[in-house]
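Structures incoming, each one as structure tokens.
The same subunit A turns up in both complexes below, where it pairs with subunit B and then with subunit C.
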Partner chain A sequence: MNIVVCMKQILDPEVPARDFRIDAARREAERGSASLVTNIFCENALETALQSGGNITALTYGPESAEDTLRKALAMKANAAAHVAGEGGHPLHVAQVLAAAIRKLGPFDLILTGRESGDWGAGQTGALLAEELGLPCVSFADKIEVMNDGGWQMADGKASDSSAIRHPPSAIRVRRQTDAGFETVEAQPPLVVTITNAEHNVPRIPKVRDVMMAHKQPLTRFTVDELGVAPADYYEIVELAIPQKETRCELLDVDGLAQRIAEITAAL
Partner chain B sequence: MKEPTREIYWNISHIWLMYALLVPAIAIGAWGIWRRVQRWRRGKADASRFDRPTLRIKRLLDHSLAQRRNPIFHRLLTWGFIVLTIATIIVALDADFGTAIMRGRFYLYFQSLTVDVFGAFVLVACIALAARRPRFTPLLAAIFVIALTGFLVEALRIAATHDPWAAWSPFGNLIAKVVPVSVVAHRTLWWTHLAITFAFFAWLPFTQLRHIITSPLNLYTSNLAPIGANLKSVDFEQERLGVATLDDFTWKDRLDFDACTECGKCTDACPAHTVGKMLSPRDIIIELRDRDEGSAAIAGAAAAQALWECTTCAACVEACPVFIEQMPKIVDMRRHLVMDEADFPDGMQSAVMSLEKRGHPFTGTQATRVDWTQGLDVQHVSAAKDADVLFWVGCGGALIERNQKVIRATAQLMQKANVKFAILGRDEKCSGDPARRIGNEFLFEMLAKDNLANFTKHNVRKVVTPCPHCFNTFKNEYPRYGATFEVQHHSEFLEQLVDEGKLAPAREDGVTFHDPCYLGRQNGVYDAPRKVANATIEMERSRNKSFCCGGGGGMSFVDEPSDQRVNQERANEAVATGAKTLAVSCPFCMSMMEDGVRGRMRVQDISEVLWASQQPVIPSVARDLGGRGAMNVPRSPTRPGPSLTLGMTEGEQN
Partner chain C sequence: MTNVLILFAEDRAAQGLAGAAEQLGGETRAILVDGDYQIEETLDALVDACRGADVILLANDTYSQEIAPRLAHRLGGACVGDGVGVARVDGRVRVTRQVYGGKAHAVVEVRRSPAVLWLRARSFSGGAAAASAAELSRDPGARSGRRSTRIVERNVSAQTHARLEDAQVIISGGRGIGGPEGFRDELEPLAKMLGAQMAASRAACDAGWVPPTWQVGQTGKKVAPELYVAVAITGASQHMAGISEARNIVAINIDPDAPIFKHARYGIVDDYRKVVPLLRERLTNLGNHEGKR
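Let's look at the complex of A and B:
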């Protein structure tokens, strides 16, 4: 089974609030002292793929620094990695770029993305990617089972044996998280699945040996031009601001207390 | 009167039989030793074990003859053993090599009196040690019987020969008064004594008594550097990283195993063991010693769990009478689990992940590295070209809210003393100590190289830090990567400022001091922090015998069972002194001790105690400094989950 996992490098969402700045004019977050990390849901997606077994390609679209995300994916034991150099951008554009790259790298049985990224949190790329590729999409999934040799094979949560699933699976069963609980759907591959976090897809810690090896592995490289994708301009960020929290304290007199409370509640 | 001596082999014939027995005894003993030597030789290389011979000889004498770490009875036993062995050799030289040295004064003072007294020492020591053990081990019993039969043979000879010099063997003479005159008994016992003694020497290399031979070798080749410099470096070209099987240990590690006397002093001193955890450094050493060539170093889940209970406090190393290095072996085995297997406790995993991503080990902190500077005029190194000192704050200092007060106090003290210092602020990264002690040498090297590059860039010549872990790492571990800068712990630096009259000495009373393992035991700094905080009350275990706070070796990132907390044990000891203030000098000790004393006494860093003494005395204000603040970093941070709260909440999943 061939799986591609789309991954994004983002500004560390754990940067202390006091250190977080934005460039209002350019409508972007400032890097400041924040580290660049792999979006956690993308790591959950990779972990889910590793547990399902198969031949896994990690794919990212981003600046040069995004190579770190791919190296980490290789260290976690993805089989191959591909980098589309560019600045990223709006979800539709990203989906178009990823789709173009996937067409070049494929065919794939399963295309995984995180449910959303920890920086903008738009949560659109997965669904738009499915649209671009003309494939069905299952969102908010946390578990994948694969029909293999006539039986359902559950990820055991540990081994990543790329030979475990030899044939393209005839069906894939996906568990979704919903507001009310879980929903299990069966689908014919190929399909796109967006992954959310769960107890059982916490990204594994790579072995140091694998980290060292990962730095020597070759990457497939593309540019946006090579893929022939034009910038998407279907939406625009009009304003970007950090919400200001205001707290006020007013000491009330006992006289006329009831009236003042009524005024305040009315104002709220 | 004739020249004092005695007839050797009186009443004994067929002396050839003695030599006939001696040959196989020596052969078996030598073969036993040779097998062990071969085992050491199969170990990996370890350079730097033979430099500075004078120091090594001194250590050998201090700890094999003077035996500073052993109880008096063990010393008596050793000395008795040595004296009796020498006496036996003298007998052989005199009787069978015709040297005639067993004569006159030498005979009286040494061969009679000294030997007699030391023989008595051996008997007394055997009983005393057996009482402590608390049983007569076969080995002790054998020594006891050898000494006892020796006395009986002497007594029988004195009784039968009316030896005119008998008074010079007071104990033998005493026994002679109660034994019958019997040449048969003498002859029988003489051969019995000889047979047991020879058998004992043949048997010796196959028991832990081999330490009679191995421990002097081990002492001579022991580590001369401070314990803090004890960890080996890792060759990343190797097939395995760290120690996975017995083959990965060095010859010195293997000699360590064989030098163990099984005395248990290490385990008695071990904080993890003391609070009821599985870890026992003694058992680790013995298990490794008895393991076969090529077999796995870490046996089973239980042993692996014990490795993750070690705080790397080095109490074991300090306690061992033969200088076995237990803690570095634990780190060696951790290295394999971390780097080759990626199999280690969750809390430590998140610390490692955070170190990789953010350069500090805490997850979920909202503090920044410069929060503590608010309202203080502190400059970044790039803006302070004339700074003499780089004030290295450390992650624990900058990012744990309670410790920010400590950092402020230290900075204010330096400002008061007109020290020109600067900080690295947001450019600081973890020194790498937790990564190294957890076992991720790869990550440690990356952090060390990053920091060193920063130091070089800013031309740093001198570093002062309130964190003993950073201090130890800079001092003992960065030189390997080319560091040449001077480093001082803030206790040493503040002591100097007080001595120079630039700061008023601390005038606080009722202060007790908790030695941080990485400042005290591992680097020998004991007096400076006591002086800075005017700490005059000592806990039961202090200085080199101090008891760990429980936070080292990555342990501050894991959840301890509530009934097995090292910090509780230590906090109770501090409270028991009746002191008002518990002074600490390490950000991790601060967290651990505050958590442990739970309001029963005040916990302050030595710099806070000293800073309070710089103020004019206004009692109500002075009391208030550095009170117990809540820690904002959880003691056991969980793995970073998603930072977004969109969609599902944790409770809704599964």
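Let's look at the complex of A and C:
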């Protein structure tokens, strides 16, 4: 089974609000002293892929620094990595670039993305990518099982010699999170799946030795021009601002708090 | 100008969408998607049903979120999600939404038509509900060959008899609760006393202590209760992104510097294991008192 995992490097989303600044003219966050990290849902997606077993390619579209995201993916034991150099943009442009790269790198049975990114949080890349590629899409998944030799298996990550790698699976079963609970979706590959976080897809920590090895592995490199993707209109950010909203907190003892809670709930 | 509202349920979200449509102006009709939801079939049917519309509005449930960008793509339009405000400026649709994990607000101007928007519907004041929603007509077996996904099982988690989004009182726990026992033995009895629903931070959900359906925040439920009691929750911006509409936030946290105190109306700085049992006792006493009066 061949899997491509689309991954994005972003400004550390856990930067505390008091250190967060924006460049209002450029309408984006200031880098400041924040570090760059891989979007958590992209790492959840890679972890999910690793557990499913298969030949995994990590793909990113981003500036030079985004190579760190690929090196980390390789250290986590992705088999190959590809970098489209460029500055991103609106979700349709990103989806068109990723689709073009996937056509060159593929074919793939499974195309994974994170459910959304921790910076702009548009939550569209996976869905638009499916449309660009003409594939079905399942969103908010947290577990993938593969049908092999007539039975479902949830690979255990030691899948390097499992049949999942050698044969394309006949079917894929996805568990996804909904407002009310879970749904199980059965699908025939190829398809796009967007991944959300769960207890069982917390990204593994790479071994030091694998981190070192990852730096020696070759990357496939593309530019947006080479892929032949022309700019398209979609939407523009016309304003960006930090809301000024702080509440004065009244510190109470338990008696005081019980009183307030009783008042609020009595008024309902 | 034509607005189309797509409803996956007839609840308070429908009124919010109608309110948003009123702010944008034009004629409005509504489509109700009923029955067996299957992703690709529903999408095909909605593409047909929405042709000719300038604006298509959806709520922030799972199905709306997954359908909206794909519907936009098929109709040649553009999608913006998680909107909390809409406006029409010089003929263009603008949407206000949180970005950077709730640390900033952006105004996004749509540059294609139709504008397909999914909104935090409950953040909008209600409009006159669009006359009556027509049921989505489906033509099973026709259309694109992309039938290769099938929802074969739906698993509704126990606690979701009432929607968290519509709860008036919410007791929410974070990583500082320390395990499922704290939720069960300390927070749930408090929630019972107050007729409250339970919720949690992502950290508590990721730890597997409570189900993911309890998660509140940027990537969880967006809630708007009269009272939100945040117990052992730091108050990261991504969590606060889900409770910006809460009327009264109460924080119980051992750390006086926790950011949650910048958003809370009332707070107690102490170990929740001490505070919560005492709080239950005091609330019981207050309740008895009121009863006697």
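Convention: the second predicted complex is superposed on the first by the 235 of 268 C-alpha atoms of A that agree within 3 Å, B and C clash if a C-alpha of one lies under 4 Å from a C-alpha of the other, contacts with A are read in each partner's own complex, and residues count from 1 in each chain.
Quick note on the criterion: a residue touches a chain if its C-beta (ideal position, glycine included) is under 8 Å from a C-beta of that chain, and two chains touch if they have at least 3 such contacts.
Computed from a predicted structure; not experimentally measured.
After overlaying the two complexes on the shared chain, residue contacts for A:Gln177 are found with subunit B and with subunit C alike.
For subunit A, the partner with contacts to more residues, out of subunit B and subunit C, is C. Contact with subunit B, but none with subunit C, is seen for A:Val37 once the two complexes are overlaid on the shared chain.
Of the two partner chains placed around the shared chain by superposition, subunit B and subunit C are both touched by A:Asn197. Once chain A of one complex is fitted onto chain A of the other, the partner contacts of A:Leu219 are absent, as it touches neither subunit B nor subunit C. Within the superposed three-chain model, A:Leu135 lies in touch with subunit C and out of touch with subunit B [touch as defined at top].
By the touch criterion stated above, A:Ile261 is placed in contact with subunit C alone, subunit B being left untouched.
In the superposed pair of complexes, A:Pro206 makes contact with subunit B only, with no contact to subunit C. When the two complexes are overlaid on their common chain A, residue A:Pro16 makes contact with subunit B and with subunit C alike.
When both complexes are aligned on chain A by C-alpha atoms, subunit A residues 13-14, 16-17, 115-116, 118, 121, 123, 140, 142, 177, 179, 196-199, 202 touch subunit B in the first and subunit C in the second.
Residue ranges of subunit B in contact with subunit A, taken from their complex: 236, 241, 338-342, 349, 352-353, 357-359, 363-369, 371, 426, 440-443, 639-644, 646-648, 652-654. For subunit C in complex with subunit A, the residues that touch the partner chain are 39-40, 61-62, 65-66, 68-70, 73-74, 78-82, 94, 98-101, 103-112, 146, 148-157, 160, 163, 168-169, 194-195, 202, 205-208, 211-213, 218-219, 221, 226-227, 229, 236-238, 248-251, 259, 261-269, 275, 278-279, 282-283, 286-287, 290.
On subunit A, the positions that touch subunit B within their shared complex are 12-14, 16-19, 33, 35, 37, 40-41, 115-116, 118, 121, 123, 140, 142, 177, 179, 196-199, 202, 204-209, 211-212.
Residue ranges on subunit A touching subunit C, taken from their complex, read 11, 13-17, 20, 22, 27, 29, 91-92, 115-116, 118-124, 127-128, 130-132, 134-140, 142, 177-188, 191, 196-199, 202, 233-243, 245-247, 249-262, 264-268.
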